[in-house]
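What follows is a group of structures, each given as structure tokens.
Below, chain A partners chain B and then partners chain C, in two separate complexes.
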Partner chain A sequence: MQKIISLPWQVPFGTFALKLDPLSLVFLFAIVILVVCSGLYGIGYLRPYKGKKGMGWHLFFYILLAVSLILVVTANNVILFLGAWELMAIANYFLIIFNNDQHEVRRAGFLYLMATHCGTFCLFLMFFLMANNAAGSMNFDVIAATNFSPIMAGIIFVLALLGFGVKAGFCPMHIWLPHAHPAAPSHVSALMSGLAIKTGIYGICRVIWIMKILPDWCGYVLLIIGASSGLLGVLYALGQHELKKLLAYHSIENIGIIALGLGVGLLGRTYNQPFLSAVGFAGALLHVINHALFKGLLFLGAGSVIQKTHTGNMDHLGGLAKVMPYTSALFLVGALSICGLPLFNGFISEFIIFMGLFNGLFNLPQQGIFFCGLGIVSLAVMGALALACFTKVYGTVFLGEVRAENVNIEDIRGRKESTSKWMIVAMMSLAGLCLWIGLAPHTMVNFTLVSGQYLSGKSFAVNEAEKLLIPLATIISVVLFLIVVFLGLIVLRRLVKGNAAPLIRETWSCGFEQFSPRFQYTSASFARSIVEFAKNILLFNRQGNKIMGAFPAAGNMSSAVKDAAEEIMVRPFYIRLIRLSRKIDENRNKYTQMYLMYIFLFLIFLLVWKIR
Partner chain B sequence: MSCILVVFFALMILAAYRLSGMIQIFAIQSFVLGFVPFFMHADHLGLRDVALAVGTMILKGALVPYILFWAIRHVSMRSEVKPLIGFGMSVICGAVLIAGAFWVSSSLKLPGKVASDLLIPCSLSTVLLGFLLMVIRTKAVTQVLGYLVMENGIFLFALSLFDVMPILIEMGILLDIFVAVFIMAIVVNHINEEFEKTQGLDKRWAKMGESL
Partner chain C sequence: MRIIVFSIILHWLIVLGCSPLFVGIINRVKAVISGRRGPSIFQPYFDLFRLMQKQQIYSRTTTWVFRATPAIVLASMLCVALIVPFGKIAAPIRFSGDIILVAYILALARFFMIISALDTGYSMEGMGASREAFFSCLAELVLFMNFITLAILVKKVSLSQMIGSDVPLLWSTVGAVLIMVVVSFFVVLLTENCRIPIDDPETHLELTMIHEVMILDNSGVDLAYILYASAIKLFIFAAILVPIIIPFKTGILWSDMCVFFAGMTGLALLIGLVESGMARLKLNRVRNFLLIAFALAFFGFIVTLWRI
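Presenting the complex of A and B:
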């Protein structure tokens, strides 16, 4: 099941070779759906900017991004791949800095550009090592047909983890992600989170496919990366107050889940367990599609909220379900999906990864059992924390009352920016797909199982797929049955008690004289218990005076979570780098001639070296 | 013979005290260079050889020196050459480089047969001497002259591979155009002494430190 197109191309070592195999098909599926939906959404979302910003450029880079994404996942040649990869990075950069009059946005764009180029450096090394091994051929098929020594395979795998991991947002390398995603316009954030970071995952899958035999530690490394990215991602997400930044950290969490699946698949392949391997890979690939769908939906929903209220700070929002019924309902679908609850698509892929991990407990050697156990625990904790996190998001943004001072819900209702039909249609189609995969997983599970077998290189008996589908069908039917029972009970209550309107009374307010929306839980206070539990990892910082005595003075409190990877690893490194550069600059020669002399001496050195 | 002369003149430029003297020597060097194609293909002189020779003589022997003279008059430079190292020392450096060039070219492998054994070492020495001129003299015009001497060396090299690699000649013409632009820039910007010393980047570093 492959199609290869090959066209002549003038670039040295390059052929314009495209290949469609089951692996690229999965990513292509996600790309096509999300590009179309985000594009539709963009029509409505960008309407307020009409005439103020150059829409033509934005559209140009949007299409460029779409084309380069498609090229990245179908390229069958190293040079073409790297070209498309860079094109994608640049198009993405220009999409991020759409609001380039803001300092923060420019800074985020620059950070993104730096991070992606650091990653590309590793990719260059990796691909040239590969090509060197394959007698200079730059074709993926040819490289895949050669044998790698275990040390070489290990080096290439580590380079792939570094290079593609920056793009994917694996945990210590994720620092660009929480800055760049909130800076971009929402439909671009959806694309970045749903697709651009998935190209990193695609790269790792492609390397796994090329390297038919990898050392056994590679799988364990992937499992550890998955567990740490997932847990830290969701914990940081809990500590955020900004809606889109929170979603960005959830992308890191989901990348962790995908890495868990890939790790299981890789272990299965190393220890020659075809079913285990295919299930692991299939779970990861299905989660790629699912994450693209629900994270796209969530970012688009967040975009509607921000467009209407002009703020993404959750501590200022509230009660939007009354104003934006469609958006809130669709956001709820996305939130339920990302939490991995049954009937929605996130559940399906997480369930398959769980199945893989449990399967690993029985079929892997001792250390494999340990790591699979670790994976099971961390995946379960991730699910619970994600549920807490989205309870917080939905509760503070859509329920209750508006939390900002001097704004009430009628003000927001009266604003002329409204969620246009295009935006609703885009979100609805994504939500529909989430529900489709969640309710009828048969098609997509089989689709990704084919890709999983393609990645693992071995196929398993046909009837074994039933091991996945039958429990899934059972769970779905049980949950549906419970829902039917629940609805039946509601109907029964209506029949017995009649259709009387509920009584409306004031909430019991603990004896306070004046009632204010600020009494409500904020996003910070909701997550406080969990965040304080993990405050050593999260660099949780709380400032403010305690309220004491019978007649306390005015008080205030603020809390923030800082990214440990950014504060402990990257920033000190960057400061040292700047200091070093300054030192070099001070001792620098100020004559142009000196530089000419360096060139001259080097030239002579080269001549002598080459001819000697 | 004329190859040796080209190298000799390049050395003379290194030792010249005055700008105008340098330009005159360069003009003579280019003129001598124009004769090389005649000697090379003495038995079967083609139209291309003649055109090349005449073109070189007119362009480099007359036009470029004339423009350079015009340039130094136009921006009224002082005529001393500002050396970074002394004249005697620079000639010795040049001699060492020539010896090096002969040694290197003895072990070069070439794609085709060369008309004269001296051609490759001479061209290499001329290139190196031109580069040396750029390194050890500070004035803008001397930079241009060093560049032109280098280019004469490249021209010699191209001549040796005239039949095998035609594209080298075209590259030489491109270099000529670049030199023309270079000279124009000197005139337009009134660079009458040296290029500015490159500025310290302190301010830029400070800015970068703020931004992140």
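Presenting the complex of A and C:
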């Protein structure tokens, strides 16, 4: 089941021990695929920057990130894990600030660095508590063999949620994510969204694996976090005007879905339901892989759009399907997958999580049924909201007509799809994998079921897996049948109409003659009804003059959605912190000699402490 | 294998044959109540036939998405129809978890309807699309809440079993819950199928419409496909609701079938009555209407939890 490689390493408490087990294999699979695809994409994407930026450094940090990601998911030692974790954070930071001549990019990078270190602080506490319990041993499998008292386990679990939750982007701790993702170049955003935030999920899975017995509230906490992150993530996404920021918020939603799966798995483990537990964990882990694939694809697609039009503002774009046929088709694949629609991979993992939650309704005690019910409803609403969000994205970016004058689509129109071949190939391979998991899910489902079983620690009866695999097989046949019916209907239409070419006219605009592309619904107007519905959570504000009187004057209007977690929780705290540190700064005395004396006194204190 | 093929064909015959009739009955009821004679209840068939002969017109703005959507929508509805049992006639496809597939194939159809509306590049279609996206979010909430309640009651996650033979027995034990399920599901039916009070399928004022305005630009065979698909969708939702309402089963195939179809006719009459007796709600009232339905469904869920 697992393989451990141990190498000599001259670090106190550290062993260079790498472990391959079913859990890390799942993450490795996602890492290898996405690192290769994003790398290929980067070749094409970075071509315009050639000669202007240091490509060598970028490549160095890209490879460093890949290596550290692999180390993070394979490390079997606390010190090695933390080292790789830091390496990953730093490599990621340098990748984010690729466009370091822009002020916002540097700020976003700094915010990322701050956030990740706040998380690491909790991780230090958590690992020291663990090691303390395991009599000083720093190896994961030694720690996993020890017993934890329920209180200790609870404290460690909360610390893990805080520490890894910042990385993963659980809801109140997600504030760095929507800033850092749009700042980075697109192939790096794909890596961050697809993989870097998944290391947070990996960490939580690893803690669940180490703590064989967790208090029963842990599962409920994960379910609540999942539901709230998912719903808030997708609602915030709906309010965005910027393509990559929207995708970043969607990562929070998907992390929420993964947390729902983990929550069910954990509940199943706590209440001794091996199959339920394995299904929950398997759904979550499959969603980890799926999210890496389709979110990678979407970020890469967004990158192509931005490279071509030099803007990510959806309210300015439109009609790109005609000039970028490949990108638009591949983006559609990503959009369908992320909405969890049948035929693509998103549906498979969401179906498994749904099955886990529905099974939870039958096998858990009363409060478990209640929380599973809420989980099902929130997952369903997330699906519907994601659908609203991605129809908005696809409809406003790729369909209709281009909206703003400053996006010069005529310039692009002449040459069909001038997107670099490397970029197309990278996106195609990700889309192909989405389709593969969507249409032939058995390989991956079995793979993640094994991991789920490994995580739950108990094996379920072999014939129970059929409960999942047979419905999946039926689903695939229904979906294939749907395609056949679709083709049949297309043929029928052709038969009825003969070969007569249809008439091509303007869009019917209810008799109105002076048609302008600016009449179209923008992304903001499309999402407005939903955003206004949730305006108390979203801090939606809309400024501008209303239309008054029979002959209204020219006016302007702007609307924006602000992040409540950022505005209400973090910013006031941050402002107070700054004020406090200013005060301390004013009060300190400014003689170097005093500081030398402090150091000297401290040395004496240490000496006395050691001698005693 | 042969049995499955036979049952698929039977199912399609029923759904393709009866769904326009269902719409016809509703329209006739509305006409009679408003004092007109109204068209024959077979008028929807003639409309579909007429549309099949018409020429296709496409907008210059549209892409392949617009041309593929009608077929995708109709194909989705035909596939969903296979998962829904029609009274005693068992669904050809049934497995544990098929309700999720039903919900998501409906979502697939909705996805393409919305982007094809946005594909025309005009504000009217955009408005319809935006409203459709919003209201379906709320409808999904109610729908899944009802699914959960039914799933807990029958301990199964398959549509055929959830609305199957056990349900009549439940009326005597958890009748209150079932009333809440039925009422809130009826609201979902009205919403998903764009009936009054959520949407008006008849009006020609584009500003007030949801579904009708999204298909303003469709013509000919495409329009026929979409209208057929909406008729099938209405029929499917009715076929899910009717077995829950009917509080008894005779156990004999033919009499049960008669009861089912009588129930369907009754539901069509009821929808017609609701449409005649109510005005369309203001758009910002619709969400309250749906939230009331959600509150009912949620209350049903809580009572179920308490009763089991």
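To be clear about the criterion, the second predicted complex is superposed on the first by the 586 of 612 C-alpha atoms of A that agree within 3 Å, B and C clash if a C-alpha of one lies under 4 Å from a C-alpha of the other, contacts with A are read in each partner's own complex, and residues count from 1 in each chain.
Operating definition for what follows: a residue touches a chain if its C-beta (ideal position, glycine included) is under 8 Å from a C-beta of that chain, and two chains touch if they have at least 3 such contacts.
None of these values were measured; they are calculated from a predicted model.
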Partner chain in contact with A:Ala440 - chain B first, chain C second, else both or neither: neither
Partner chain(s) touched by A:Phe481 [first = chain B, second = chain C, both, neither]: second
Partner chain in contact with A:Ala145 - chain B first, chain C second, else both or neither: neither
Partner chain in contact with A:Leu387 - chain B first, chain C second, else both or neither: second
Touching partner for A:Leu596 - first (chain B), second (chain C), both, neither: first
Partner chain(s) touched by A:Cys339 [first = chain B, second = chain C, both, neither]: second
Touching partner for A:Gln366 - first (chain B), second (chain C), both, neither: second
Winner by number of chain A residues touched, once chain B and chain C are compared: C
Touching partner for A:Ser581 - first (chain B), second (chain C), both, neither: first
Set intersection of chain A contacts, chain C complex versus chain B complex: none
Chain B contact footprint on chain A (complex, rising order): 107, 110-111, 574, 578, 581-582, 585, 588, 590-593, 596-597, 600, 603-604, 607-608, 611
Residue ranges of chain B touching chain A (in the complex, touch as defined): 84, 100, 104, 107-108, 128, 131-132, 134-138, 195, 197-198, 200-202, 205, 208-209, 211-212
Contact footprint of chain C on chain A as seen in their complex: 318-319, 321-322, 332, 336, 339-343, 347, 350-351, 354-355, 358, 361-362, 366, 369-370, 373, 376-377, 380-381, 383-385, 387-388, 390-392, 394-396, 399-401, 467, 470-471, 474-475, 478, 481-483, 485-486, 488-490, 493, 496-497, 500, 502-510, 515, 517, 519-521, 525-530, 533
Of all residues in chain C, those that touch chain A in their complex: 52, 55-63, 65, 68, 70-72, 74-76, 78-79, 82-83, 93, 95-98, 100-101, 103-105, 107-108, 110-111, 114-115, 117-127, 129-131, 133-134, 136-137, 140-141, 143-145, 147-148, 151-152, 155, 157, 206, 216-217, 220-222, 225, 283, 287, 301, 305
